[in-house]
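Shared between the two complexes below is chain A, which pairs with chain B and chain C, respectively.
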Partner chain A sequence: MLELSLHILDIVENSTRAGAKTVYITIIEDTIRDVLSVEIKDDGSGMSQDILEKVSDPFYTTKTVRKVGLGIPMLVQAAEGTDGKFRIESKGGEGTIVAAEFKFSHIDRQPLGDIISTLVTLIAGNTDVDFIYRHQHNDRVFILDTRDVKREIEDVPINHPDILLFIRQHIEEGLKEIRAEV
Partner chain B sequence: MDLESIVKALNLKVRSGEDKLGTEVRGGYTGDLLSDVMANSKEGDIWITRQVHQNIVAVASLRDHAGIVLVQGSEPAKDTLEKAIKEGIPILVSDMSGFEITGRIYNLLINKTG
Partner chain C sequence: MAKLTIADLKKIKEKVQSETALREGGQRAKVTVHMGTCGIAAGARAVMDSLMNEIAEAGVSDVMVTTSGCAGMCSKEPMVTVELIGQEPIIYGTMDANKMRQVFKRHVQLGEVQTMFAMARG
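Moving on, here comes the complex of A and B:
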């Protein structure tokens, strides 16, 4: 995977497959501490301790079609390869937190990539899941909460093309604002 | 050409999969980006890479590679080696650069001359 946003897409798909109804996606770009962190927190079915110990192992997968699962292992590698770290916490029945930290300025750090398309894809493909996207750039924060969007649009489905376009533009503007030079 | 002929011709150090050196090498792929290797390499390829993470064993296993060549004298990480032994994936080590070893293996496979 060339971009962190594709890792995010992959991890959140684990969340939705685990039956999550609410997914928190938090990105922090801290250029002062030189850290880029990504955290995905869900209220899905979670994992037991012994499965948790195996998820960084590429020869462990919940899928039955093949014996290799590289989603989390590749994120672990991407983080550790940039002087970063990886953390996963989970409790059966309660949910899971996956967090990866990267050294922001590391030459091998993958770019964040097209996070906007990733979010729009996730929102469009999982209309019954609420997403709370929080993106912090140093001291400025942008938040998109699909629960607020759903309240505003009432009976219109959130995957309506006009709504998705609105969401896309809203994130674009929000990210531009928080990243603007002071 | 089998793996053993390549090992001998290029003086590769065998770190795992000693019993799999009779495997036929059908082609090769060079790359460090796992998703690219997964998408574009083929069964029977010898995979040349600088990556030493255990994920390479999973990719080689998934793609049924003949073996992995680590370049620039890089050694497999401890868990990588353990996985490779367990999965029976040959890991070979060379001091050559990725560029040089790719060219040498290409020549061996195409012209049978190192």
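Moving on, here comes the complex of A and C:
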């Protein structure tokens, strides 16, 4: 995987498969401290301590259809390759936090990539999960909370093509705003 | 472009509600894009983008889109399952944006299974 938004899609799919109802996705681009950080926090089933110790091992997976689990190891590698950090915290029954920090200016830092498609894919594919996306660029912040969208659209499903198009355009504008040079 | 507001969202909601009231509710087809680590690494998100584009372009609202995890055939990713109501699900393998467009136009819209990309039934 060559862009951070694909890692995010993959890690959040873990959350939804762990039965999460609410997932917080937080991205901070801090060009002054030269850090890009990504945090995914869910209220899914969580993991016990001994499973947690094994998740960075590519030959560990809870899946039965194959013998490798590459999602987390690939994110670890992407972060550590930029002098960054990786952190995972979890508690059985409470949820999981996955966080990765990258050196923003590092030559090997993957681009964030198409984060909008990642979010729209997650929203379309997991209509019963609420996503709170917070994207900070230096001192400016964009927030998308699908609970607000769902409240407004009432009985219209959030994966209706018109709603997804609205969400896509809404994020596009929001990100353009926070990234604009002053 | 003008800033999108809650009022815009309300307008979309009202339009969708009035359209669905005219039609018998319910879904005609379900399309699942497999989104495991393997699928994502092989380009499943671009397939999903293509699918959502086609749906928006065709202006249909009775096709449900969803995602699933890895099914164990990682070398055939990106995979897509198309299920038309009352018919066997068809699994397509090694998909890309163009193949997805063809499968949507031919299979989802016209009911013609695209056997050149199909891997399995069920």
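The criterion applied here is as follows: the second predicted complex is superposed on the first by the 182 of 182 C-alpha atoms of A that agree within 3 Å, B and C clash if a C-alpha of one lies under 4 Å from a C-alpha of the other, contacts with A are read in each partner's own complex, and residues count from 1 in each chain.
Throughout what follows, a contact is a pair of C-beta atoms (placed from the backbone, for glycine too) under 8 Å apart; a residue touches a chain by one contact, two chains touch by 3 or more.
Since this is a predicted model, take the numbers as computed values, not measurements.
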{"item": "First (chain B), second (chain C), both or neither touched by A:L70", "value": "both"}
{"item": "Contacts of A:F166 with chain B and chain C, given as first, second, both or neither", "value": "second"}
{"item": "Which of chain B and chain C A:G125 touches, first, second, both or neither", "value": "second"}
{"item": "Which of chain B and chain C A:R17 touches, first, second, both or neither", "value": "second"}
{"item": "Most chain A residues touched (candidates chain B, chain C)", "value": "C"}
{"item": "Partner chain in contact with A:P58 - chain B first, chain C second, else both or neither", "value": "first"}
{"item": "Chain B versus chain C as contact partner of A:M1, first or second or both or neither", "value": "both"}
{"item": "Set intersection of chain A contacts, chain C complex versus chain B complex", "value": "1, 66, 70, 74"}
{"item": "Residues of chain C that touch chain A when the two form their complex", "value": "1, 3-4, 6, 8-10, 12-13, 15-17, 20, 33, 35-38, 40-41, 45-46, 48-49, 52, 55-56, 59-61, 64-67, 69-72, 74"}
{"item": "Residues of chain A defined as touching chain C within the complex", "value": "1, 6, 9-10, 13, 17, 63, 65-66, 69-71, 74, 114, 117-118, 120-121, 124-126, 149, 152-156, 159-166, 169-170, 173"}
{"item": "Contact footprint of chain B on chain A as seen in their complex", "value": "1-2, 57-59, 66-68, 70, 73-74, 77, 80-81"}
{"item": "Complex interface listing, chain B residues touching chain A", "value": "33-35, 38, 53-55, 57-59, 61-62, 83, 87"}
